[in-house]
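The following block contains the structure, expressed as structure tokens.
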């Protein structure tokens, strides 16, 4: 079951990995953007009765545009100053997002409840919630789509080029500012998808973003920068470890276990297993 | 030469006079809210200076000042519950914070830049968890939260607290000044530019990092503990909360990260801002976030950095237009 | 004012932060020429090329290409206009195949339409690249990487090709081969401006040359004349 959960973590982490690997920026607000996706789906559900997965039709383009704008107008300025400046900037964005959530949607815990979100399948002696399967399925689909996109399309090629050598990419006629904006936009679209499935799986609050950022970061560190497969495996590892931790230490300690694991991962592997 | 000495003496004297005025403020009937402002100013100033030492001068963006503040606050609480005087509690708080810093130094300094930052983000979260579940003293608190009232502070006066904050605040300025001009400061600057080349030049990178981390933790902890004597109550969300980081970051960044005067100017503005925002407490943090984003977009080097840049730009401009009368006239109009 | 001046650099001053790298530099390149910029290490040669290709911008003075002022144009737009730089140290994309590296070279829209054509051309000039087209670029030898870098530069269909220290770290045989290819490239109608530390080599290959020392042009003229010039002889050839 932890393995299936890992699929969700992988999707959450993929956007972070993309931005970190290509633009070399650490987006502290990533988790909050994922939660933004959750909240958008929530509003779609409660105000218009649209099923969360269907609401992705709205959520994904919306977050794509927001992501593009954020990179273009805010982050494109700071990465030229220093990496620290970007860190501080994304921190500021995180604060803005978290407090906006609190204002618009109240500090209470929310969840996306649909008829199927409560369903479980019985496999042998264990009950596995249906959403966990969905998470895994979506994770696999997303991984494949992104992989192919990066490999085949010109834009994908350009993104990879910009990731490997910024100066040379510029000399190839690649508008790195625009490419970075696209990359961030794609990462945010991924966040939208992650957000919907997160909302179906867990309850969330305005400050959940930080928790998921930390987990996503752990996944990226374990799986290695720039490797999609690595991110997938990292996600699975985390899902597994957290579920096991919950089993041994109790549900309340689950997050704590996750945090400690991320710290350990950071200490032991500063560069990631599959990364460069 | 004589002029320089005279100038130095003049600025030195004016600083002494300023400090004297500030010190005497409670006695000479300065209004209460101003004393409160100055109190908070000094508390935040020391924290900002210490954060600036790490982030601005050593290239270590630490996202865990809340860890030191919370730990110091809880140490203070435990100390007072065990019957010790509050001022010992404050001192002890600083020491515990410093020890904690040293403890986590070895694993944490293995990481560079961004990894270090995220690690320091996690630490206060973990501490918050721990202190929500663990009740160090007293009987079980019913219901949620692990908040504690701080004992033995009923007879502490505003003035006493104010003077302590004054000492801490001025102390932080002097400390930063001293460190920057010492061997430690030189080493830190080298580390900020390039870890590896600093190491090969004989700088004991780890020792310097640990030292500055511990010093920063100590003063931050003392300031935090003093704050909690003033507040009288502590709980995990407040002690280890992210609002400390936001406050400290803003205070430093507005003025100018990596400059000596930056935190001072920034804190003056920040405390003033927080006073303004008390009326709008529900959107206070939101506005702080917006200000942070705006500052990083328009003037990432803060007020001091902005002035510095403009001056450099102007003098460059002047150099090139030496030959051009028309340009010179234009410049004179601008500046 | 000769009609066929393709590139002209006029009295530029370029800074790295507060350090001035180039002082009042002017040069011109006519269509179809091979021009060399010679100088010792840290003389400012790379900065000069970077300023032409848009990676750096002059604080004063101007750079004109094909009649347009490109002083403040971004590098990716300059590629569109027809300048392609083969950077110092090759700067290939290590985790992409040879083919992908070349494909990315024709990223800009004008070059994309001629991609197949240019690819054939590059394979003709550098048969080794065709052999290794599915190999990851980081597995190539130094000489092959340089070939790849040049090929990549050609894929953007340039009018002017800039080469920064092409011969760095390569064996003389390979260097010779590469310069032969450069002559073929010139025959295809592409103008060449290259930067070299090796004086003898540059003066042999180029039509004209500029000598740069600590950010200033100290000598310029036809390569054949410079070879005779006393100063050059003494300073670089040691006679």
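Just so it is clear, A, B and C label the chains in written order, and each chain counts residues from 1 on its own.
Methods note: contacts are C-beta pairs under 8 Å (C-beta built on N, C-alpha and C of every residue); 3 or more make two chains touch, one makes a residue touch a chain.
Remember, it's a predicted structure, so these values are computed and weren't measured experimentally.
With chains reduced to the mean position of their C-alpha atoms, the one farthest from subunit C is B.
Put simply, the chain nearest the middle, going by average C-alpha positions, is A.
By number of C-beta pairs in contact, chains A-B lead all other pairings.
Centres computed as Cα averages put subunit A at a distance of 32 Å from subunit B. A separation of 50 Å divides the Cα centre of subunit B from that of subunit C. Here the spacing of subunit A and subunit C, counted between their Cα centres, is 42 Å. On subunit B, the positions that touch subunit A within their shared complex are 55, 59, 61, 63, 107-108, 110-115, 117-119, 121-123, 125-126, 129-130, 133, 242, 245-246, 249, 253, 257, 282-283, 285-286, 288-290, 292-293, 296-297, 300-301. If you check the complex, the residues on subunit A that touch subunit B are 20, 26, 28, 73-74, 77-78, 81-85, 87-89, 91-96, 98-100, 102-103, 210-211, 214, 217, 221, 252, 255-256, 259-260, 262-263, 266-267, 270.
Per the touch definition, subunit C reaches subunit A in the complex via residues 53-55, 74-77, 79-80, 84-85, 87, 91-96, 100, 103-105, 107-108, 111-112, 152, 156. Listing the residues of subunit A that touch subunit C in their complex gives 154, 157-158, 160-161, 164-165, 167-176, 276.
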